[in-house]
Every structure is written in structure tokens, then in C-alpha cells.
Amino acid sequence: MPAEIKGLNEECGVFGIFGAPDASQLTYYGLHTLQHRGQEGAGIVSSDGEKLYQHRDRGLLATVFADPAELKRLVGDAAIGHVRYGTSGHNSIANVQPFLFRFHDGDVALAHNGNLTNAVTLRRQLEDEGAVFQSDSDTEILIHLIRQHIKEGFIPALKKSLNQVHGGFAYLLLQRDRLIAALDPNGIRPLCIGQLANGAYVVASETCALDIINAKFVRDVQPGELIIIDQNGLHIDHYTTDTQLAICSMEYIYFARPDSIIHGVTVHNARKEMGRRLAQEHPVDADIVIGVPNSSLSAASGYAEAIGLPYEMGLIKSQYVARTFIQPTQALRERGVHLKLSAVRGVVSGKRVIVVDDSIVRGTTSKQIVKMLRDAGATEVHLLIASPPFKFPCFYGIDVSTRAELLAAHYSVEEMRQWIGADSLAFLSVESLIKAINVPDAGEAPSGGLTVAYFNGDYPTPLYDYEAGYLKSLNAQEQRERKERARQ
Amino acid sequence: MPAEIKGLNEECGVFGIFGAPDASQLTYYGLHTLQHRGQEGAGIVSSDGEKLYQHRDRGLLATVFADPAELKRLVGDAAIGHVRYGTSGHNSIANVQPFLFRFHDGDVALAHNGNLTNAVTLRRQLEDEGAVFQSDSDTEILIHLIRQHIKEGFIPALKKSLNQVHGGFAYLLLQRDRLIAALDPNGIRPLCIGQLANGAYVVASETCALDIINAKFVRDVQPGELIIIDQNGLHIDHYTTDTQLAICSMEYIYFARPDSIIHGVTVHNARKEMGRRLAQEHPVDADIVIGVPNSSLSAASGYAEAIGLPYEMGLIKSQYVARTFIQPTQALRERGVHLKLSAVRGVVSGKRVIVVDDSIVRGTTSKQIVKMLRDAGATEVHLLIASPPFKFPCFYGIDVSTRAELLAAHYSVEEMRQWIGADSLAFLSVESLIKAINVPDAGEAPSGGLTVAYFNGDYPTPLYDYEAGYLKSLNAQEQRERKERARQ
Amino acid sequence: MPAEIKGLNEECGVFGIFGAPDASQLTYYGLHTLQHRGQEGAGIVSSDGEKLYQHRDRGLLATVFADPAELKRLVGDAAIGHVRYGTSGHNSIANVQPFLFRFHDGDVALAHNGNLTNAVTLRRQLEDEGAVFQSDSDTEILIHLIRQHIKEGFIPALKKSLNQVHGGFAYLLLQRDRLIAALDPNGIRPLCIGQLANGAYVVASETCALDIINAKFVRDVQPGELIIIDQNGLHIDHYTTDTQLAICSMEYIYFARPDSIIHGVTVHNARKEMGRRLAQEHPVDADIVIGVPNSSLSAASGYAEAIGLPYEMGLIKSQYVARTFIQPTQALRERGVHLKLSAVRGVVSGKRVIVVDDSIVRGTTSKQIVKMLRDAGATEVHLLIASPPFKFPCFYGIDVSTRAELLAAHYSVEEMRQWIGADSLAFLSVESLIKAINVPDAGEAPSGGLTVAYFNGDYPTPLYDYEAGYLKSLNAQEQRERKERARQ
Amino acid sequence: MPAEIKGLNEECGVFGIFGAPDASQLTYYGLHTLQHRGQEGAGIVSSDGEKLYQHRDRGLLATVFADPAELKRLVGDAAIGHVRYGTSGHNSIANVQPFLFRFHDGDVALAHNGNLTNAVTLRRQLEDEGAVFQSDSDTEILIHLIRQHIKEGFIPALKKSLNQVHGGFAYLLLQRDRLIAALDPNGIRPLCIGQLANGAYVVASETCALDIINAKFVRDVQPGELIIIDQNGLHIDHYTTDTQLAICSMEYIYFARPDSIIHGVTVHNARKEMGRRLAQEHPVDADIVIGVPNSSLSAASGYAEAIGLPYEMGLIKSQYVARTFIQPTQALRERGVHLKLSAVRGVVSGKRVIVVDDSIVRGTTSKQIVKMLRDAGATEVHLLIASPPFKFPCFYGIDVSTRAELLAAHYSVEEMRQWIGADSLAFLSVESLIKAINVPDAGEAPSGGLTVAYFNGDYPTPLYDYEAGYLKSLNAQEQRERKERARQ
């Protein structure tokens, strides 16, 4: 689970299906392939055309549905599901999605991937007008907004509400007789549409969730779109036309599964290309190239291929690290006890090693890896990062919303190298990252249709509730640049 | 977990330590790295010099010790531990090791990796003489034998008993004041010795368990040896000198962790070399080389390197397949729902693909993989196996003791290819396998110090209780060869 | 658990405390004594003066707090708790109380015993105005009403809201810095105030919850009162003066613990007196008197004392009937397998037995008891009920809201006797019931300050949402009487 | 659960059945009624005529069989079951019965109620001869003895073995094709035989287990008998004729269910008579008589009846005290927080109260009860015990095997009264106890066929392994008496 190594956590994965018998079972398999996007909670709501049925709980999908009877109870031809990452403080079952709201005029279920930038403000306004929230989650805001406008009808109320929320969001809504999907105006979170052989439509965070149930890819949901699926089929609408693609680059670098295809780009291929370009930008003289399993293996093999060095398995990752695992004490940790990663002595001993990783957040894992490799006999350890320095927080759904924990926000590359203890340290440039991913749909969109704000502070949206705190976290130089940019 | 894909299951992993504070915690970490050797049960027995303390249960190590208090109860400077694979029928807690036997003249704990070939006979004899067994396991036989000779003293009784049991075995025994290890006369199961900085000795199935606790490798336990570790240090004795190294080749091919070093050979390196030699024996004209994760990735990268084709990630394996996972129905399976492995469409589509796997047991997974790759757009699928055809059962601790389930026992390579649906199918030769592993300690030992009976029927020991059934399973030709060999 | 025998279920018990260290632990003990009022769910919310902390789940109190760490997390000097009975359909965790609502202007926790008669109407109105409900429970309505009026301040908003809800209710609310209790205008549900030696105030459904924590009884909460407890002590206010005591008579007959004192009457004493008066109204010639354990033992001993016959233990109740207990099949049941109650052969054999029970709902248990006693050798079985025939449903918090299941609603006493199979059957009169309880505070209140609607259809409040359905369930004669009464 | 109040714990209950479909389900119900005899573990072994099937675990019966599938797996027409009390130290699953031993010549299951006095000696001898024990329990000894003689055939070996074990025991054994029961030569533990309408035989610790499944009582098993039930019916044999009835008097006083009939005496009736005789021996001038629920209610009502005072419910016992319950801290306990028992203020306030209890072990509960009653307003509290002072330990299966914890072993009645704080304290005499029970089968047996050693030190058997320790625990006077008695 990346959470423990990285401090980088995606907030969610969503899946929806309409028109398939065993809808909840298919949703279960879809969520299974999205489990990497969130391991703290999981849930499914199904509809049999009359009523909505729900099961959700904390824990991994397989834990939440450990009793197969729970899944069988979720009858019907339509369903939405959700896997969730959540920080420990708010990890109550009340925050596990999909949320199911029951009204005398019809139930609504809601699942959400992303993060709103004006949630605090909206929630305060709503509460002052009488709203009673049941969770800490941003997600719930949408339903309160909808209910405020409900007399205009559900779809008009939804459109109006989608124009009131800001930030990154991919929403799925399930009603008795239809499935609805909506994406933020920058398409920051991925969302795609597929179709089963029987004609049923599927909507999911990543294409790997289509593949597992043998659904054909139809198209990516585009920024600002509102997709409505009902017995008449798929209807593509939009709630705004003021859109600009800026999909989160971290999806390609780290979050998404290597087999997913996002806006036409296979994630493994993008990573391999990042590795190749990294080799062009930062060729190093060494004996072997290794990757940090599992997310960096593609980039490492690209680097090895481009530079012409053997690609080896120099680090291995345990398949059995569970949440309940008894962690080593500090004393043991200092003696080198690492449960997740092990260096392969017989591979690295006596070798000059290039280790490719996808990113550095706090840097603690990098430091451990370098030490581990040296302890296993590596004569040199060169750390090459297949993305640019991670300097600025994410406000769109990655669990890094303060700069305090970002190593690159506070230190130069040389300072980082020294602290980590590598013989050399280098990062991919933002330009190469953009070229490596090379989003075909990007058109004229800035940054090649990507959000690369984590590397250059250039956020595609206003920050609203976060603006003040963010500004305070910047140093003088960065503040000047920020203002400069705002002026343009 | 290999069990589900392969039908190949190792029976156990063992770990012991003497002379270290936190002995049980170190044992826990050691077992953690050996979890791939058995996922059905786990246990630890510790000694504080006066008493022995025990905890064991069904399930993964992290489940068994989900409550950290259980580990804290296991006080003392010495401990042994065990992870277990067991067929479902006998998966009662009574069979989870280490076994702890309490006697008025001193307690004994016992852990075992391997399988005896004369267990049925011994057990029947013992029962007729008054013995009451508490488990179905072979392991318990040793303690009954010891107690029959106990008036001669524990070590003499143990030596006598070790000469009565036949087959493959690596035993660990813990008494109040010493740790004992013993290996069968052919050294079929791996067992190695390490040492901590403080002088404490460690014995483990694989060196990866030494690495995690930062223990230095000392030596492999040799066939017929009896290792006694107590407050006076390490004492190397033997219970027989009629020995001949014949370590299980499947340890290198499939079971052991890639970072383990067995009799001087790093497992990853052996696998990579198997891949290279496979490329020499069976070069195929194609676009890319992919491996079946995780056990075949080393061999696949070796093949790619030798043949000069790109090594790609064409299959990915879910990290989240749990025992409790809800399995697809047959109908869904036929529609292509696979929970463990997914083909990477963006990698294989339009490509002629070489897929390298480590072995074929029943062949069902191979068949699924080929179909999966074709569904994802591969234009050709060539299946190359980095070991010889698996034709004969194992009686020394791998869970394949009948020939019925072995595809290669019943079909020619061409028949297998057709059934699997690959464009071509080829296996590594036994000779190349032996050369690829190249055990340095082998000396004049036949088959290069390896047991390769699974491929050629040439077992290093008599089969005792299994002989009759085995003979019946052979076809006429094989029976003739078997007799021929026996005559020599 | 009465649920299984009776089909009579109380909906809740509440407990609150302000000003005591270990508030949540004391709440836990208080709830423990109220467990008979609800076994489906339990929860506690505490306040440390700054924040509110919550834990709640389905199941018995001891299950919900099986991990003592959960209770320790609930820090602070104030707390409210709740035990809940719920019908299976709505037994989701979302309905387990206390509810905790978080607002930017301060959190509020809410616990409720009772049932509203205008809940459906209120909820529909609120939803149409934008409200989003999170549970199926009536309880949540109050908080939505409060938030609609919140700009007037919390207490004024609460008072206004309490005038909008109708039916039976005892509410506890906890804010950061105060504990609030409110009782319906008829005082249908019991609620009392106590005080610890250190001055801390306690509010609870029954006095047994005061006794267990050694709190002194202060007074019963009176109809229409609003009790506010904060750092300045206890403040008694009211939200309406249009009140009339009509406490639920079933609390005395069946629900409340025998040691509780409600409006000055010890429950055991009231029951014993019911037994005595039953003996006066229906003396029977027999050998022994027995009670149905546990709720009818007091009445049985009163009957025996008054009539001068030996009081014996002729039925015993298992202490070990758990929710998870495997129930006998119908076949076994017919063969007489009863898990809860057993007849004591050595006591009843050859005897003419008077068995005293507190009430008859569906009559199935009575029928079983009579058969059981005859099978054990009783020569005669006389069934005497220490309350009047239960003919009309309860809309104030007892789980009998349809007449369909009430035996006495459809049959005469003689018809019931025949169906049950007793030698004789008799009930206490309504007049004697009222005299036996003899509420000292009753003053001029009709029915002696009691709700006896279950026996005579004379409800102390309008029925609102239930009116139409109830009228339909009445036969012609009853409808006429109902209208007659309404006219008065 | 008596364990927590009393420090008196029965070690077991056993149940067996042969010849009934659903044998394991009937065993489950039988064990349900015997749950009061042991709450630490439960298990059932069934036979379908070919194989034996087993399930057992720690915890209450309903917990052990929480998954109904476990019970369904136990197919066949014969079964034995066991409920177990065990001290915490040895509460491992290995000690939960029935034990199931598998041999090549046929499996044997074994369940045991009682305690052997020569277990340590026998176990040591057996171990020196090669035996390997799997549990700490005495029970296992029998099977090792049988296997030592197995060449003589099973029944002869069993008879020989039963003559080697000493103490109190009721054994049930299940083989593929028969059910065997055996009782010690003094019949210290109760065991009875019943029959179902279909002819199937049942053997159980108490008759309440016959009643629940509608089995007719046939007879009590007599001392020294060996009962064999197979397809030919019931065969009564014996392994010794040197017998003398001395059934444990505590079964009547405290352990057995009030509805059980042991050697012709209904337990409730015996207790009521103890109460009556207590009133004759110790009449007290007071206002009301109350009992300590549940075990003392019969005696209390007998006392009240004899003395002509009202019998009231002055103490009530919570039905919801679970094992997992969070216990009050010492501080809270001193403030009077008691979870199990509550005084009924409205009953005892202002009254002179006679409280009848069945026995005093450590006296701590008695002290609490007296305080509780005074706190609730009792003006006088007279404690009357319906059995003699408990001075000497039990070696036959009650969990009191040292004198240290027995209040009456160290203090005079007046000293006890002062420490407990009662206004008066009196005990029933041994003579009256014997007369109150009045075992019809007793014949010329000393002490009326009862073991009353707990009160007078007169044990019906030699103490073997316990003799030395017991003698040391006696004071000079008691040692003299002991020797005197031994001489006779």
C-alpha cells in the first residue's frame, strides 16, 4: 500500500454500471481493480428500478464484503461503488461512500473522487440556512445544494449545483432509474465510459476497471460533461462549457494502474517514456539499473533500455504487508528492519547501482532505500526520479495539502542528495514529463493538458478556501511569482 | 498467493533464533519474509530459559498476530517459528506449528519443513505401541520416536530418531535452554545459519529471513547435520554421514524469494540465467518479451536481454487478492473476469508477444493468460517455460503428490500447446536448468546437487509408503524405466 | 430478552451526566442497567468542554464497547448515552443513537426515547424545504427543526421545535458545555434526575441507572419540562404548560426494571400489588402459584401471598439464550424443544398450577407454557394475567403499532382460553391496574396519570399520521366508540 | 455467571446421544441446558457410523457455534458434547473437549466431568514410558492408559484403565459405532440416562438436558457402572463392584439447575427444604426475606414460607453481564458500582431484612450484598446461609483446590459476621443439609450418600497427589482429626 511508503494517497476510485444483471457483482470486480486508489473504505449501492440497496464499511473491499451475502443483498441492474482513502482522524464509517440519501420523492446515492476548494465556505452557508450534515466529507455538499434547488427538477438542480462547487471532482450519482456522471471543468480526475456486450454502460475512474469485466472502452468523460445513462441509453450533456483539460499528472506518474489508458495514453508506456527521457537528461555511468517496486518498475526499465544497461531486480517488495502488521520499534528500524522492501544482495553487491523512483515526497523512503542498497554491497547508489521535484501541495484529491511535509519545498537538489545519502540525485524536467505523457486530446491546453502545479505552483483553478493558508506557506520568492502569475 | 494460480504449494518455512532479546519479535520479522512458503497458518514458540510460550493459529502471520499483545507474551531470548501451507481438509489448528509438547522432564517445541516418505508406516507402528497422536501431521512422529528412546538422553534419542525418519526434512527444535536444527541426508529443503551483531545465532529456511533482521550469513546447513545452539555457542554435529546433496530445484525455479541465496546461488540470478538459456535453446521471433508476475519476471528479463527484445510489463498482478475475495461465477469467468492477472492492452496490442512463465502444473493458468493476451490485442503469443515439463510428483514437501493433475505427465508438448492455445510452446531442458543454477557446493553429486525428479522421475531417496501408488500411476514405458533405474 | 417471547419491545433507554470525571464510564454503567430497554444498538457521546466524541454500533452495550479503548477515547466530564431497540429492517448503524451533528457553530448530540405521531408529515415538509436526512429514525427530525430556527438562538429554537413534534418523547441533548433534557407534554416515557456526591447531575430513563452509580434521586422530570444542566447547575424550564401526566402503564407492567421507582412507585411493589388484586378479582382453587420468569415473578408472589398458596419455581429461564443461538427447527419445536423456558417437573407434577403472567400479546408463548406445564405433569393449568387484555396498539414507543398481532383485539377471553389451552384464563381489570400502580403525582389526571390506551383505546394525544390506519383497523363497534370519545 | 461472584466453578457438563437423526443438534440443545456447568469452552463430536466429526472452541456454546454451518458439518446419528469451565492459565483451545483421537484402528472421542486425584502420578509414569500429551487436562490420561492395553481389545482396556484412575469422574466416549459412559466408584458427579420416543438413548450430566429434547428419564448411572450403547441398545456393565454412593452435595446446594432431578431429588425442592430447615435452626425476627438471585431464591422462599414472613425481591441480577463487560475500577467499586446485583430500594428501605444465600466462599460478595442493602435503607441485615461453612477444598471437579481462599477455613462464624458486616450470620448444619436433600438411593451409605467433605473434611476417597499439600494446609487440630479419621 503506497500510503505507508509515500505519504501520497489518492482519495478515491469510483465505478458505476447501468443495465447489467449482477450489477453489484460487476461493481465489486471493478472496484477490485481500483483498490489502489483507496484502501480505507469501500461500498456499493445498487438499484433494482424501485429501491436502492447499500453496503459500505471501513477496510479493504474484500474485508467489507467478506460475507458474500452482503453482495447478494444488493440486487438490481444498476449500481455505483466507491473505494476510499481517508486520513485517520476522519476515518469513521459515516464518511465511507457511496452515500445514500433517502427522500420522500426518491432516493439518491452519491460517490465522489476529488476535492473541492470551496467546501468550507459552502458548508457554512448551507448550515446557516438549516442544513444538517452527516459526514465530514466534501462529498455531501452536492446533495444539499441539489435539495436547495429541487423544486426546479433534479437535473436542473444538479447542473446549478455543479456550477457552485469548485476544484477537482468526478461524481457518480445513482437514482432509482438512472446513473449520472459529472466531471469538473478541468477534468482533473480521470473518468471513462465503457460498454458491455449486452449494451450496459459502465463509468469508472480507470480503464482497468472496464477490462476486468470485459467492457469495451467508449470514451473518456470530458471536462464539464454531465453523462446520463438510463433505459434510453447514454445521453451526453454538459453543465458548463467554460472548460480546459488539466488532468492530474500524478495519475500518470504514480497513482493509476500501469494497464490503464487515460486520455489515450497507456500509463505503463508513459512511465517507460519518462524513464527513457530521464536517461537522456541524466545519463549516469553505472553497472545496473533497478526500480523501486512496484510503481517505478516501468520507468526503470525505460531508463535501462535507453542507456543500454542491464535492468535488474535489486529491490523486492513483500506481498504480505498488511495493515495489522506489527511495526518494528525505532530501535529495530535503526538496525535495518524493513518490512516492505528488501535489497537483493546477490544482485547489487559490488555493483554501481542506478535506482529509479517515481517521486520523492518526504524522502524518508529514499533514504532507507539508499542505505539498504549500500548495506547489501552496492558500491555506488544513484537515485534518479522520473518526475520533477514535488514542491507544491495538491488541493484536488491527493492527500498532500500542506507544504510542510514536502522535502523539495524546502531543500535544493544537492541538499536533498546529501540528506538522502545518494551518490547522485536527479529529477526529470517538467518539459520532459509533459512530452513523455503527451496527452493526445490536449490540443492547445496549457501544460499539455496536465496539472503540473505540484512541480511549478501553477494551479488550473482558484484555490478559494485554501488560498490564504497556501500563500502563507510560500517563501518570499514564491509569493512574488504567485502574484505575478495571478496578474497575468 | 501462488496456491490459487499454480496448484504448487510449498509446505513450510521455519525460523529460529537463540540469544537475542526480543527473540519472538525477530522471529516474527523472519517469518514475515518466509510467508510465501506458507499462508495457511503461523506460530511462534519462545523460551525465557525457564519456560516455553506459544501462540499459533490458522491464517497469515499478520492475522495470527493481529493483537500485538500475543507477541509480547512470548518472552525470552530464544524462539522458533513456522509458516504453514496445508491442504484444506487438514487445515485444523491442531496442525499449525510449531508444536509444543510439555513433559515433566522438560518441554520441547518442534517445527518442520518437508515431507516424510515413511510416515504412515512409522505412525502405525507407534500407535500399536501405545502412542496417541494429536495431529494429522508427519511432524509429530519425530517427538514420539524421541520419547521412545528418551532414557538414553535427549540428543542421542534425537539422533536415533532422525535415522528412523526418511524423506525431505528441515527440523527446528526448541528446548528451555537450546535450539536444535537438523537437515535430511539429501538436504532437499534449504536451511541456513546466520548471526546477529550481538552474537546470537539464527537458523532459517531462506537467507531473506537473515537479511530482514540484519543477520550475517554464516553457512548453509549441510545434509545429515545436527546443529546445536546454546549458551556455549554453535555446535555442529551430524546424525549420519551417509549423505548426498540433492536440493529441490523448484526452490530455485519457483518457491524461494528472488533475493535468497541458497547454497551460494542468488535465486534471481539463477532465474535470469534460466531465461537466458531458454533464449539460447528456444529463440523466438517476436516484438516484446513479458513475464508472468511475480515469479517469472527474472526469467523473462533474462530472456529479453539474451534475445535483444524489449522487456515489457504485459501482465499485471493485483496486490489485493485476498483469501476472502468473492470469486467470479463460472459464467463470469467465461466472460473473462480474472481477479489476479490483467493484460496490459496498451503494451501488447498489435504485438507478437513472448510470455515467459516459470512452470506449468495443470496448465489452466497458462491457458487463461494466452486468451487474456489475445483478447488484449496480441497478434501472436509464444509461451516459453523456464523449466522442464513437470511430469512426476514431489514427495518431499511440495503439494503435488499425485500425477493426475500434472498436465505434462499426460500430454506431449504439442498437445499441451494446442490445449493452451499458444502459437508456440517450449520448455528449458533439464541440462540447461542444472547449468543455469550451477550449485557451487555440488561437487560430484548427481544432477549437480539438485533434485530434478519432477522432470525425470529420478528420486534421490526410496519412496517407501508412496512407492506402490506411484508405480501404479506410471505408464508402461515409465514403469520400465523406473525398474531399470532401480536396478542400477 | 423479551423481544423473542413477547413481541413487545421498548424502543430505547437514555442516560446523561454532566460534571463528573469518567463521564463516559459512568454512562456505560448507567446504560448497562437500561439494557433491558433496547438490545439492538448502543452508543455514547462525551464532551470535554471543547469537542464531542462518539462511539456507537449495533449490538449489546458490551459488544459495542468490547474494546475498552473505545470507551477511553470518550473523554470529558459530560456524556449522553443510548440503548436502542429497532426492527430488523432499519437496523443499520445509521439509526444507532446518540446522533452527533457537527456544525460550524457548535456540535450537538441527541438521544431519544419514544415515538412521534407526526413524524412522517414533518419529515416530508422538511425535505421539501431542502433538508437531507441521514437516518430513518424520527429522532433526527428535532435537529432539523432546531436548525430551521437557529438564528433565534439554540434554546429558543429548541423550545419552538419541541412544540412542533407530537407523541411520546424523552430527549437528551449534549452540547459542548451543557446537557439538556426534555419530556413530552404527557410524560409518556419516564425520565428522572439524580445527583452524585460531587454535585454532578444525572438524567436517566429509570432510577436503576442512578442506583448503579450511587447517584441520589432528585426528582422525576415532569411533562413539558426543559431541563438545562451546565456549569451553573440545574435549571428547570418548560417549553409548554399545556400538560397532563399520562405515563405509559406498560412501564409498570412489563418494561421497567423491578427496582426502578417511577413517579414514586417501586415497580416490583406495583407488580406485587397487581398480583394481589388479581387474586381478589380472580381467586382460583389450586395447589401452587408460579410465575413466568423474570417479569412476572413479582405479580405471582403477590397472588400467592394474597390467596395463601405456596409460591413455587415452576418455570425456569435459561440465562444463556443469546442472539446467535441456533433456533430449533419447526419439527423440533413441535417435539417440545424450548430454549428459553423449562418447566420444573419435580415442582408441578401432579399439581393444580396457577401460572401468573404479566400480559398476553400474540399468545404463542402462553400456549407453549401451558403445554409445557401439562407435559411436566401439571393436572390443571390456570393462566392469570396481571394486566387487562392488550387490545389497542401503542404509538408512543412500544413496538406494537398494528392491531393484527394482538390476540385480544380479535378474540374473546373464552376464545383465547381455548386457543391457549388453559383450564381457566382471567385478566386484571383496568380499574384494579390503576389502583395497583396508584401514581401519587397523578392528582386529577384521567386514568390515574397513566396511559392505558392499550386496554381501552383512550389515547392521551391525537394520533396524526397514524389516525387513518388506526381507524381502519377498528371494527364497527370500536369505530363508533372512538368517534364518540372524540366528540367529547 | 457464578464464576465471578463466587469463586466456585464446576468443571464441566457432558451430553451424549446414540441413534437419533440430528444427533449433533440435539446435543447442542442438551449442552445449552448444561451451560451453567461451564462457560469457558464447548464442543461436539458426532459419528455417522463411519467417521467422527468435531468442532470445539473457547467461549460459550452460542459463540462456538455462532456459524450454524459448523453444526451442520457434524453429521450422523450419534454425538457427544461438552461444556467446560477452565482456569484462565490453561484456557487454551487444546484443553477444550470432547477430545478426538484418531488411530489407524479407529477414532475415539472423549469428554469428562470431574477431577482425578492421581493424575500427576499417572501422567509422569506414562511420559516416562513414551507418551506424548497434547493438553494439560486430566482427561487425556484415560486414552493413554487405554492405548497401553489396546491389544486386549477396547472394552477390556477401558475397564482396566478405569481402575487405574482415581477421584471423581463421569466419562463419555464415542466411537464410530457406539457410545460409552462410565462413572467413578463413588458417583461423585451426576450422570443420568434418558430415552427419546424413537428409542435413541441419551446420557447427560443433568436431567434438564433430557427435558429440553423431550427425552424420558430412564435411570441415574450408578457408581462403578460402564454403560455401552450401540445398535443393539443399552447394555449396563461395570468395571468395579467396590462402590459406595457419595454424590457431591454442592450439586444440590449450588451447581445443578433447579429443575434437574438427581438421584430422585428435584434440586429446587432440596433447596427449598434447606431454606425451611434453616428457618427451624435459625429463626430470625425481621420484616422480609429475600434471596440472592438466582441460585438462592428457592432456599429463600423456603425460609420465608417456614417462618411466615413475606418473600420479596430485594436484590435483582442483571441479565446482561457479559464476559467482555468493562469492569469498574477499584475507585468506582468503592463508590458502590456493582454490575451484577442491585438492591431494590423500594423493597428493603426501612425494613429488617433476612437475606438467604446458598454458600460463602471468599465472602467478598456477601460483604458487598450487606453493604448494598444497608445503602438502600435496610435497617437490619441478617445473612443466613443454606449450607454449612465451606472449610475444606474439593478435589473432585469444583474449582476450589486450595484452602487459602475459603473464608470459613480461617475464621469463626462471629469473625466472619464482623468482616461481612451483617447483624447476624448463621449456617445450616451438616445434619440438616443431609436431611434436606434426603437421597432416596442412599441406603446405608455414609453422609446419606453425599460428599460433604467441603464441610467436615471427610473425603470419600484417598487424595493421592493432593494428600501432602492438603495436610500442610490444615491446622494442628485439623491434622489430628484427619489422622484420627484415617486410622478408622
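In order of appearance the chains are A, B, C and D, and numbering begins at 1 in each one.
Simple rule for what comes next: contacts are C-beta pairs under 8 Å (C-beta built on N, C-alpha and C of every residue); 3 or more make two chains touch, one makes a residue touch a chain.
What you are looking at is a predicted structure, and each value in this text was computed from that prediction instead of being measured.
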Rounded Å distance, chain B centre to chain D centre (Cα mean): 50
Chain centre separation (chain C, chain D; CA means) in Å: 38
Distance between chain centroids, defined by C-alpha means - chain A, chain D (Å): 62
Set of chain B residues in contact with two or more other chains: none
Touch-based graph of the chains, sorted into line, ring, star, complete or other: ring
Pairwise chain contacts under the document criterion: A-B, A-C, B-D, C-D
Chain C to chain D touching residues, read off their complex: 1, 22, 25, 28-29, 32-33, 35-36, 39, 60-63, 65-66, 68, 71, 207-208, 211-214, 257-259, 261, 265-269, 272, 294, 297-298, 301, 305, 310-313, 316, 318-322, 324-326, 328-329, 332, 335-339, 342-347, 375-376
List of chain D residues in touch with chain B within their complex: 93, 101-105, 123-124, 127-134, 136, 140, 143-144, 147-148, 150-151
